[in-house]
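First chain A sits with chain B, and in the next complex the same chain sits with chain C.
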Partner chain A sequence: MIRRHGISALPIFFLVTFAFFCAVVPRFATAGNLEALMAGYAFIAIVAMGESFAILLRGVDLSVGAVMALAGMVAFDASLILHLPGYLSVALALVVATFAGVLNGLLIVFLRLQPFIATLATLAAYRGIVFAISGRQLVPGLSTTALDDPWIIGLETYFDVGATLGVESIAVPAIPLSFLLMIVLLVLFEVLLRSTRFGRDFYATGGNPEAARLAGIDLRRTVLIGYALSGFCAGVAALLLVARLTTSTEALGNGMELTAIAAAVIGGVRLNGGMGSMWGPVVGTFLLGVVLMGLTLFGISQFVQQILTGAVLLAAIAHSRWLQSRRLLPSAPEGS
Partner chain B sequence: MSGLALLEGRALSKVYGLSTVLHPTDVVVVAGEVRGLVGSNGAGKSTLMKILTGAIAPTSGHILINGEIASPGRPLEMLRRGVACIYQHSNLVAEMSVLDNIYIGRQPTRRLGLIQRKLLREQAQALLARHGMDLDLDAHVSTLSTVRQKEVEILKALALDARVLLMDEPTAWLSVADVARLHSTIDGLRARGVGIIYVSHVLDEVFAICDTVTVMRDGSVVADQPIAQLDRARVIELMVGKTLATQALGEANGAARSAPAAGVPRLRCRALSKRGEFHEVSLDVHAGEILCLTGLVGSKRSELVQAIFGANRFDSGTIELEGVPVKFHSPRAAIASGVGFVTEDRHRDGLMLDLSIAENLVAATLGRYRRGLLLAGERIRATALRLITALNIQPPDFMKPVRLLSGGNQQKVLLGKWLDLQPRLLILDEPTVGVDIGAKAEIYGLLRAARDNGMAVLVVSSDLEEVMTIADRIAVMVAGRVVRTRETCETKIVDLVRDMGAVSA
Partner chain C sequence: MTLGDRNFPLPTPRRSFFKKAAAISATLGAATSAWVAEPDPQSASVGMPAAHAADGTGPLKMAFIQWQPHTVPAAWSKGIEEVLKDQPQTQYKLLDGQNKVEVQVSLMDALINEGTAVIFLQPIDSVALAPSINKAKRAGISVITLNIDATAQHAAHVEMSHYYGAMEIARVMGEKMGGKGEVAILNAPPGIIIRDQRTNGFVEGLKKHHPNVKVVADQVADWSRKKAQDVLATILNAKPGLTGVYGVNDSMALGAVDVAKEKGLLGKLVIFGNDGEKDALESIENGELTGTQYTDVYQQGRFAASAATVLASGQVPATAFKKQAHLLMPFVIATRENVKQIQPSQRW
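The block that comes next holds the complex of A and B.
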C-alpha cells in the first residue's frame, strides 16, 4: 500500500484550523454555516479529485473550469431549448464532459503534447464552444429563464439528518446531496486507486513511466482514463453548481482550475506525480473553505482573502518540499 | 559449462543507415552460467543487450530461447518467455512498496479488478523463501538502499520466472560491501540454474563473479572464453588496444611524483568538523599532486569535499589555500578563488543535459566570454573546439546536446568544463562511475597532465583499482575520520582494505 508521507498531518491541521475559527469567530459554528460550507465546497472537492488524477500522472488539467462551463451549458441547452427530459440532459452533460477529458488525453497521448500545453489549448477551445452553443445568446429571453427540471434542480437537495434521527434539540446541519455525492465518489476513487490493478498501474505510470512501460502497462490507456475521469468530475461539479444557480452561464467555473490545483497540492498530491491520494484533495478543499469562510465572517476583505489563499498554497508546497528533501537524504547504508 | 543453452543469439547484427554498430555476433547463455560482457562504450554491448531484451529488432540473425526461435523486437514476448533485464538505472517506482513493485502491471485480480492482496503477499513470500532473500515487502522502495533496490529488481524478474537475467552495470552505484552482497545473490541464482549476462566496466567484478567472458570491440566479439583463461591485462588489451591499456593500468603511474612535495601546501585543512558528518579532518594537498580520498560509501567523503568547496557547511576547523585562510560560503566564492569541483552525479548536478557540448564546456567560465553585454560566440566556439580536441570528446560536434553522448564522453565534458577554469585546486567526486575503461584511461591521462602542470587534484573514489592507478597519496576515511594517509608507491590494495575495515574488496 502507498504509505503517504506526512499527509497524516493534514487532517490534524484541518481540525486545528476548524477549531480555531469555531473558538474565535462567534457565528462560525452554526448549522447554517456548516451547511453552506458543505454545499459550497463539495463540488469544488469533486473537481479537485478529478484534477488530482491528472497531477498523479505527472500532468495537469487546466481545462477543468472550461469543461464545467461546457457541461453546464449542455445541460442548460438540453433542458431549455431541446426540452429533453432531465435524466437525458444530465447524462448528456456528463458524456460531453467526459469526452472533453478524453480529448485532452488524446492530445497528450497521440500528439505527445505536454499536458500543460494541451489543456491550455482546450481551455480556450472549450470556452469558445460554450459561447458558440450558449442558449442564453441563441434564444432571446432564455437568459432570464430559470431551470426547473426536477432532475437537475433535484441535485440541490438537503437531507435533514437531525430530524430523521430525532435529535432536534441540538441544531444539526442538513447534509446537502452534493456532499453525499462527493463522499460516494471519494470512496469509489479511493478503492479504485488502492485496491485495483488499474489504481496500481496509475501510480506506477505517474511514479516512473519508464518502469511502467517496461512492465507492460498500457500508458496510453492509463493517461486517457485519467483525463477522462478529470473531465467526468468537472461535469458532475458543473451539474451541482447549475442546480444551485438554477441556470448556467458562459463564465461557469472560471478560475476553477487554480482552486482545484491548489486543493490538490494542499491535499498532498505531489506536483511531479506518482504520490497522493483522493481524500487529501478533499480535505484540502475544505481547509481552503474553512479558512475563506472564517475570514469572511471575521469581516476581512475579499482581496486579503485571496492573498491568504496564496499564502496557504505556498505553505503547503513548502511543507511538501521539506518532506521531500528530508526523504531524499541518503538512507543509512547497511553493514558499514 | 555443459548446461542447457537457455538463450542463444545467432549471427545477430544491427545496421543504422550506413553505419554498422553490430557485426554478425553469436552469443550463448547456458543454465547456471554467469557470462561477463565487457567492452568500451560504442563496442556494441548495449546494442546487443537491446536486441536480446527485444527493445530493438536485429537487422539480421535470430534469437533462440530454449532452442525455439523468438520473434525479434518484442520486449513483452521476451519477458514472458523468461528473459528479463535489470537496467543500470532503477526501473522501480520509488513511491510504491516493494510488493507493488514486484508485481507491477500484473497483479492477480478478482471481479471488478480488485487486487488479491493476500495471494500476492503469499506469492512474494514464497519467492523470497525460494531464493533465500530477505526483503521487507511493505517498505517503500525510496527508503531502501541502492543494493536493496537492486534486489527488488532481481526479485521482480524472478517473479516472472526469468531463466535468463541480463544485468547492465548492476554495481555502478554500489559500495564494496554491497557489491559483495549482490554477488552472493548472483551466486545463489547461478546455483539454481539461472543464466546471467553481466555487463560491467569494473573488471575486478567480472573476474570475481563470471564463469565466461565475451569481450566486444568496435561492434564485434573479439573473445569468448572461460574467464580462467584470461587475465586482467589481456582483457583490457582486447577491449581498447595496447596504447590505452597501459594508461589504464598502474604502470603509467610510474611518472608519479617521486619525492614528497615540500613547502606550503595548495590546500591545507586542519581539524574540520561537522556534527554527524566528519570529525577533526586534517588534509594537505600539494601543487602537482593527486590525493585520493577513499573509503566505504557512507564514510562522508562527499560531505567533506563539499564543505571545502563551500557547498556544505562545517562547524569548526580551518581551510587554507596556499597559506591564506579561506572559508567559502558558496561554490561561487570557491570558484572565484580557483577551486573546481567535478560532482559525483553528472546527470543530477553536473551537466545541463539538453544544452550543447559548447554551452556546457564554458558554463563555469562564461564571464570570460563577454563582449559588452553579449557573449562572444566565436570565442566560445574556439574554446569548445580546443577542449573537444584536447579531451578527445566523441563526436567532436560542439552543437550536440550532451544528453546524446555516452557516459564517458559526458564525463569528459564535465571535466573539460572545470579544466577550462584552470583551477588551482580541482576536486573530483567519483570521476569515473559508469565510464568505460577506454574513457577512464583518457580521464586518468588528463588528470595526470593537469597534475604535471602544477594543479592540485583531490579525488574522491571508492574504486580501489582506480585509487591505486592515479593517486600519489591516498587518504582513507572511515566514518567521518581520516584514519590513515599513505604514499601510493608503498601501498598495496590489501592495506587499504584493512584501513577501511572492509570485509571484502
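The block that comes next holds the complex of A and C.
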C-alpha cells in the first residue's frame, strides 16, 4: 500500500515544541492555558480539515472564511429575527454552509473554472450576502443583543473530566465540546478517506485526475462532495465560533482561509493533491496554536509571532520537499 | 512509479531518517530556546521591561488588547505607559487583535491564564467580547474598555464622550451654518455602539439647538476617506442644495473636504469631523475643515492607566463593582478660532 501520510516528523516536532514551551514559558502547562488552547483552535482545526478536502483534490477553497460568516449570520438571523428554535437554526446554518460548498463545486465542475478563481469569486459573493442579510444591520438593537438559544450557546460547554474521573491531585483541563466534536469529525473523515471506496477514489482524483477518469471514477461527483465537505466543516466551525462569541459579526472568519491552508500544508497535505491525511491539518493547527499562545505568554511581540508562523510554514514545505528529494514521498506523477 | 504500483518498497534508510528527523527537531527546539532564553524585553514586546514574575505576589501585570495598529490605540498605549512606568513593580504590554474577534478572545484567555491584574480592551465587537469579559471578572481581573463599550458590565469604560460631543458638534455646526440648511451624515457601518452614540448625539443636538437644520442624507462610508469621497460626490449630485457635512470620524470628514476642494465648494460647505486627529487639526488651520471634536487621546490613555493603578494597587477585586464606571473624556470642539490652543505635543 502506498503510504498516504504526509510528513511523519510533524508529530515529533509538535511534541518537542510543546515540551519546550511547557518547560520554558511560565504558566503554559496549566489547565487554564490548555483549555484556552483547545477551545481557541479546535474550530480552526475543523476548518483546516475541510480545506484539506479541497487541497487533496488538487484545488483550494478560498471561500471558507466567507462561508463561516454566512453560516454564522444565518444562525444569528434564524435565532434572533425569525425566532426559530435552536435546533432548526443550527440545521439551517449547516445546510446553507454545505450548499455554499456545493455551489463552489458546481462552478468548478460544470463551468470548469479553476478552483482558485471560483472560490475567489464566491469569497466575495458570500461576504456580500452576509452584509445583505446581516441582522445586526437590518434590525437596530440586534447588534448589542447576545444569542441565548441553548442549542447554539450550548456548543460552548466544557466537560469537567477531572471531576468525573475523580482526579484530585492535579488540575485536569476541562475538555471543550468543540474539541470533542473535532475528534469525532477527525475519526469520521479518516475512516472515510482510508477505508472506503470513496476515499480511494478521492485520493485518485486528486493525485492523477486523468488516470482516475480512465479508471472509471466519477470525477464530478467526487469534486462536488469534496467541496461540499469543505463547506460543511466551515459551517460547523462557524457555529462553534458563534457559540463562543454569543454573536456573529459580518467580518467573521476573515483571513481564516489562509490559516486553514497554512495548517493543512504544515500538516503534510500536498498542494499538488492526492497526498495527505486528516491528522496532519489537525496537528498543524495545534502546532500553530501552541507556538502562538506560547509566544504570547512568553511576551514575544505579536509581530515577531507572525514572522515565526511564516517560518514554521516554510520549514514544513522545505521538509516535505526534502522528503520528496530523498524519495521518501512520491513526487507528482509525470504526464498528469 | 504510478498509483497502481502496490509494491512500492519502503525506503531502507527509514530508521536513520527517523533519527535525523528527531535530531533536527530537537536541534531546532534547542536553537530556538537558546534564542529566546534571554529575550530583550525592550525589543521583544512593546511595553515596559518585565520584572521577575513570581506566582502570587509579583509585579502587577497589565495589558492592552487593541483592535488593530492605528494612531488612536498607539496614542492610548503611549499614555498608559507614561503613567505605568512610574508605578513600582508594574508590567505592561501591548497586544494586537489583528482586526479579528477570535484573536482578541484568544488573547483575553491567555491574559486571564497569565494572572493579569488589569486588562485594557478596545473591543472589536461589543457583544463578542462580553463572554471573555465575564470570564475575566470571575477571575478577579478588572477590565477597562477604551472608546468602545461592551455589553458585559466591567470595571470602567473610558470614552471620547461620543454622545455629548456629537451634541456639541451639532450646536457649533448649526451656528456656523447660520441656523438653517441641509446636512449629510457620512456614517460608519452599522452594528457598533460608537456609531449609534455619535449619530444619535448629533441628530438630537440638531433637534435641540437648531431645529431648522435638516438631515437629508445618512450614508455609510466605512470610516474611510476614499469611500467618503465617493459617497459624498453621489450625495451632492442628488442634493445640490447641501450646506453641511458631518463625518462620524475625521477620515470621512477629510474625504468630504477633498470632494469640496475638487468641486470648489470649500466656502459653501460646512464640514465637521469627529476624533481630533493631527491631519484634521491641520486641515482646520488651513481653513478647509470647519471643525472637529478633539480629545486628547494621550490623556485618555493616562486616565485609563490611573484608574487601573488605583484599582490594582488598592486590590479592589473586579467582583466588587456593582455598576460600571463611565469616564467621559473632556473634549473641545476645535474650529479655526481655537485650534491653535492645541499644543503639538497633544496632537496625535
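Note that the second predicted complex is superposed on the first by the 322 of 336 C-alpha atoms of A that agree within 3 Å, B and C clash if a C-alpha of one lies under 4 Å from a C-alpha of the other, contacts with A are read in each partner's own complex, and residues count from 1 in each chain.
Simple rule for what comes next: contacts are C-beta pairs under 8 Å (C-beta built on N, C-alpha and C of every residue); 3 or more make two chains touch, one makes a residue touch a chain.
Worth saying up front: this structure is predicted, and the values here are computed from it rather than measured.
Novice: Just chain B (first), just chain C (second), both, or neither: which does A:211 touch?
Specialist: both
Novice: Return first, second, both or neither, reflecting whether A:220 touches chain B, chain C, both chains, or no partner chain.
Specialist: After superposition on chain A, A:220 lies in contact with neither partner.
Novice: Check whether chain B or chain C contacts more residues of chain A in the superposed model.
Specialist: Looking at chain A, the partner in contact with more of its residues is C.
Novice: Would you check which partner chain A:136 touches, where first means chain B only, second means chain C only, and both and neither mean what they say?
Specialist: second
Novice: Scan A:246 for contacts with chain B and chain C and give back first, second, both or neither.
Specialist: second
Novice: Touch check for A:195: first (chain B), second (chain C), both, or neither?
Specialist: In the superposition, A:195 touches chain B alone.
Novice: Just to be sure I read the superposition right, which of the two partners does A:144 touch: chain B = first, chain C = second, or both, or neither?
Specialist: Once the two structures are laid over each other on A, A:144 reaches chain C alone.
Novice: Across the two complexes, find the residues of chain A that touch chain B and also touch chain C.
Specialist: Of chain A, residues 1-2, 204, 207-208, 211, 274, 327, 330, 333 contact chain B in one complex and chain C in the other.
Novice: Chain A touches which residues of chain B in the complex?
Specialist: Residues of chain B touching chain A: 75-76, 79, 90-97, 100, 104-107, 109, 112-115, 117, 138, 140, 142-145, 147-148, 175, 177-178, 181, 296-299.
Novice: Applying the document's contact rule, which stretches of chain C touch chain A when the two form their complex?
Specialist: 1-3, 5-6, 8, 11, 13, 17-18, 21-22, 24-26, 28-29, 32-33, 36-37, 39, 41, 43-46, 50, 53, 93, 95-96, 98-102, 105-107, 109-110, 112-115, 124-131, 151, 189-193, 196
Novice: Could you please specify the touching residues of chain A with respect to chain B in the complex?
Specialist: Going through chain A, the ones touching chain B are 1-3, 191, 195-198, 200-201, 203-204, 207-208, 210-212, 214-217, 274-275, 327, 330-336.
Novice: With touch defined as at the start, can you tell me which chain A residues reach chain C in the complex?
Specialist: Result: residues 1-2, 8-9, 12-13, 16-17, 19-20, 24, 26-27, 30, 32-33, 36, 39-40, 134, 136-137, 140, 143-146, 156, 204, 207-208, 211, 241, 244-247, 249-252, 254-255, 274, 292-293, 296-304, 315, 326-328, 330, 333 of chain A touch chain C.
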